[in-house]
Amino acid sequence: MADLRIKIGSLKLRNPVILASGTCGYGAELEDFMDLSELGAIIVKGTTLEPREGNAYPRMAETASGMLNAVGLQNKGIDYFEKHIYPHLAEYDTHVIVNVNGNTIEDYVELSRRLSRLNAIPAIELNISCPNVKKGGMIFGTNPASAREVISAVRNVYSKTLIVKLSPNVTDITEFARISEEEGAEAISLVNTLLGMAIDVRTMNPKLSTVTGGLSGPAIKPVALRMVWQSAKAVKIPVIGLGGIMNADDALEFIMAGATAVQVGTASFIEPRTGVEVVKGIERFLVEKDFDSISRIIGIIN
Amino acid sequence: MADLRIKIGSLKLRNPVILASGTCGYGAELEDFMDLSELGAIIVKGTTLEPREGNAYPRMAETASGMLNAVGLQNKGIDYFEKHIYPHLAEYDTHVIVNVNGNTIEDYVELSRRLSRLNAIPAIELNISCPNVKKGGMIFGTNPASAREVISAVRNVYSKTLIVKLSPNVTDITEFARISEEEGAEAISLVNTLLGMAIDVRTMNPKLSTVTGGLSGPAIKPVALRMVWQSAKAVKIPVIGLGGIMNADDALEFIMAGATAVQVGTASFIEPRTGVEVVKGIERFLVEKDFDSISRIIGIIN
Amino acid sequence: MKKRVEDLTVTDNRRLTDSFFVLKVHSAEGLPEINPGQFVQALVTESPATFLRRPLSVHDVDHSTNTVSLLVQVAGPGTERLSRLIPGENLNLIYPLGNAFTLPSAGEKVLLTGGGCGMAPLLYLGRKIHESGIKPHFALGFRNRSRVLENEEFKKLGQVWLSTEDGSEGHKGFVTDIPAFRDEHWDKVYCCGPEPMMKAVAAVCRKREIFCEVSLENLMACGMGICLCCIVPTTSGNLCSCTDGPVFNIKDLKWQTSG
Amino acid sequence: MKKRVEDLTVTDNRRLTDSFFVLKVHSAEGLPEINPGQFVQALVTESPATFLRRPLSVHDVDHSTNTVSLLVQVAGPGTERLSRLIPGENLNLIYPLGNAFTLPSAGEKVLLTGGGCGMAPLLYLGRKIHESGIKPHFALGFRNRSRVLENEEFKKLGQVWLSTEDGSEGHKGFVTDIPAFRDEHWDKVYCCGPEPMMKAVAAVCRKREIFCEVSLENLMACGMGICLCCIVPTTSGNLCSCTDGPVFNIKDLKWQTSG
């Protein structure tokens, strides 16, 4: 037995494995396959103040060891969430974190304020890195001044655990890591998707209705891992690593590079039990290598 | 028959397919497999003023649909190049372009000046995007002011065709595309490798001696394609697209996204004839679709 | 109907034509209840070009042998790899996925129409309808005679009309040109096939005010309702074709009527 | 010796132990000249985890049947996939690659030493030496008796001494513990095996001033001298182990002597 418990700010997780936003619905969709209580936490779908229909079909394209998506934050808005979804989430025996999105700083603030009142939501993940929306999203996450402004504004109204999700589509990820820390975020999660594109050569059309979309999956793992490594050295707050994690070894790479926790995203589409398999694999590794606690290997690569 | 000829500034290529720097040696290494005269051009190894030993072993790691390298511009320097390699290159029936690297602006300028005297070298590719060196390289390619300075300085001493090779490790690729155009580059080529990393979980060590290295191969194609599409819309000079091209369809994606020419890199490691196969496949596509010239499909995606 | 991830064993792989094959897979665990119209997400191992699973309709189910049949068309690397599976090999499936066709009520007269790999779900649907005591009718469309698929299987269940685009077998034209389709009374029409065919069938049914369900083949990343990539615009907004579908009543779809 | 890319046909795939197998592939084009110490770059299709080719030494060559043998150890997904190739399937190779061992001159006494999959090139080297009229001697090291490989093949060519780490066959210890290696006179020693073994052999040879060549197994991306990933530090700077090697004289290598 090895101790898998970790802390993200004041939030205690029973293990470092979290399901990533936009890839696990509201959790319920995966309950046929696994017991969500075996996970550290789940981060539910990107949520906005108002309901959104998202982008037009087609919204996805398969690529080499990855996929592009252009979902564009389709969700029913906070009112519906509070009334119809939250009551169910409140019964889970795992931490439920909400991924927060907006067009404007006011949107982010208002949504965070609303979510802070929900007792069973101990943390939010501020998504300033969605590449699939015209307004907001990645625009905040690729401009240092805007990033600072939105994080600071949300921090003012949200006193529970604040995680900021960073975009990899930047020259210097550590700049955004530091800004998050300075503005009082308790953790950063990275990476969101890389902005990519694909063309159907036969029809001579882009494969996505939006032309560009977000690249996820093992293809991006080397880039994500590098950014996690850089960020973990740049800030003292915990880093949550993700991008292409398909199994426990992948997750261990992120942890060794400095991630306190990891998220499983696209992998759940292919193997819905990936999250719990990763938990088991990490534990097995620690036992085999005689580490009594996950903390022994966090950031072991310098 | 379709017309495959294209122009990069004043340089006329018989077709748009070029072998990428650092992945085709000096051309001779591939002569057993193909006739170099069937290609538009070859860009020989990254060259520096002084000889360089490059980075320590291990220098490469396989990743999902790609590889990381940390070669670090190993080459024998311009003196050796001029005396021992150039005479052989001068006999090729294809355009030979040299990839130019330096630690300082003075290095780039001096090297370009030396190369401008070599008659059989009609163009240089200014590499401001090598992620594998401590000084120079990507530092120029990720800082707009430095990029402008080095391009302008080289332009002053180099009057033949000047191509600038851009780094994908930036927030806004179009900024660097525009700077290149403004400073008089006749073309830009993109992308160089994405900065990535991999860890050997069993030994708990980075897989590369340098920890981070450059990611290439199909994994990066969606990102490269997006950047080519963005850049082609941002500037009027030709864009040379590369990143993960394994076959003619991949090359056609880049051309449809706005690339006037393409480069084949990592693919040559796996199938050394990829370059000529791409030429044939592009021609086949044009004939099938009844396009009389490659120019009909350049940038057809808007 | 709990969804599961399971390694099934290939028991048969039979070529029908150049590009079509029927794959039979056996569940050692025992099959769960599966309804006509549902689909599976098949994992294609040993294919470097296949990252995501591939959605395939349930073509037939034999509960007595715990066997599921899939009717597959080779469309690219994933289906190509599946076409080379041999008995004894594993096929990992997530299933059963999606909603199902609305079965007819006693005494109703029903037409099952489709073409190409879209015919896949119609056999199992026809079988279930047949078991319920109604004789289904089939209107199946093909490019030409050499493309005609599984005709005999359908004939065991009910009347079959064929159409081919070149008239080399059955009626010349599309399924919508089959006289019985246009002229006879139908309580329910079920359709699965290429989008133009489904739209043409829907147009006829709309005009004649016939209950009509179609099974869509939108691009899917997950098949389980967690990616929101497979959406289809409906009168109640964007719905997931993998969980709210793949079967939709045409009255809910925002299709421009055509044909 | 022009290099080529060619689809060869698998004619045999024989398991030696749990993890070792010998693969025979036939060239319809007819084999080119191949020298002992050279290697091939094998394309692993149908493996999603294998992007680059896999370098494998030429284990044996039969020009009369145009067949190349490879002795392979299952180390990961690439070699695992190769272990399942069946006769009739294709294996795409780039070959022949790399330099070669320096053959001995008439009358010289030579020792070929190695272990594990490093033994691969020694059979063909031994055969060539044997053909030149010299009887090679072999010193082969293994973990234990059950790991002993291809002993009989080597015995056909010359004297074979074995060592096992647990003493379950031959001498207990490493190849460097085999008395004949330490005591007898050798004009040339050739070695291929795990790095610690090669370094130990090199140390003995350096001390006794014996000509010694080792075959390195550096990570390779291309195998053709175009990526510069496989370098080894030598007295004349970083050299490519795929073109300047894989065979190096130990006097040129910058190895810290050990063992």
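As written, the chain order gives the labels A, B, C and D, with residue 1 at the start of each chain.
One rule holds for everything that comes next: contacts are C-beta pairs under 8 Å (C-beta built on N, C-alpha and C of every residue); 3 or more make two chains touch, one makes a residue touch a chain.
Please read these numbers as outputs of a predicted model, since none were measured by experiment.
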Problem set entry | Steps needed, at fewest, to go from subunit B to subunit C via touching chains | 2
Seminar exercise, completed: By label, the chains that touch subunit B as well as subunit D are none
Seminar exercise, completed: Top of the farthest list for subunit A, CA-centroid basis, is D
For this session: Let me have the rounded angstrom distance from the C-alpha centre of subunit A over to the C-alpha centre of subunit D, please.
Result: 48
Exercise. For subunit A and subunit B, what's the span in angstrom between their mean Cα positions?
Worked result: 34
Problem set entry | Distance between the centres, which are taken as Cα means, of subunit D and subunit C, whole angstrom | 54
Exercise. Can you give the whole-Å distance between the Cα centres of subunit A and subunit C?
Worked result: 36
Exercise. Which subunit A residues touch at least two other chains?
Worked result: 63-66, 217-218
Exercise. When you check subunit D against every other chain, which residues touch at least two of them?
Worked result: 48, 50-51
For this session: Indicate which of the five shapes (line, ring, star, complete, other) describes how the chains touch one another.
Result: ring
Exercise. Okay, what are all the chain pairs that touch?
Worked result: A-B, A-C, B-D, C-D
For this session: Using the touch rule from the top, collect the residues of subunit A that touch subunit C in their complex.
Result: 22-25, 29-30, 32-33, 53-54, 57-67, 69, 71, 74, 217-218, 266, 268-273
For this session: Enumerate the contact residues on subunit A facing subunit B in the complex.
Result: 63-66, 68, 142, 169-172, 194-199, 201, 204-206, 211-212, 215, 217-223, 225-226, 229, 244, 249, 252-253, 256-257, 285, 297, 300-301
Problem set entry | subunit D to subunit C touching residues, read off their complex | 45-48, 50-51, 81
Exercise. Which bits of subunit D are touching subunit B when the two form their complex?
Worked result: 2-5, 43, 49-53, 94, 218-219, 221-233, 237-238, 243
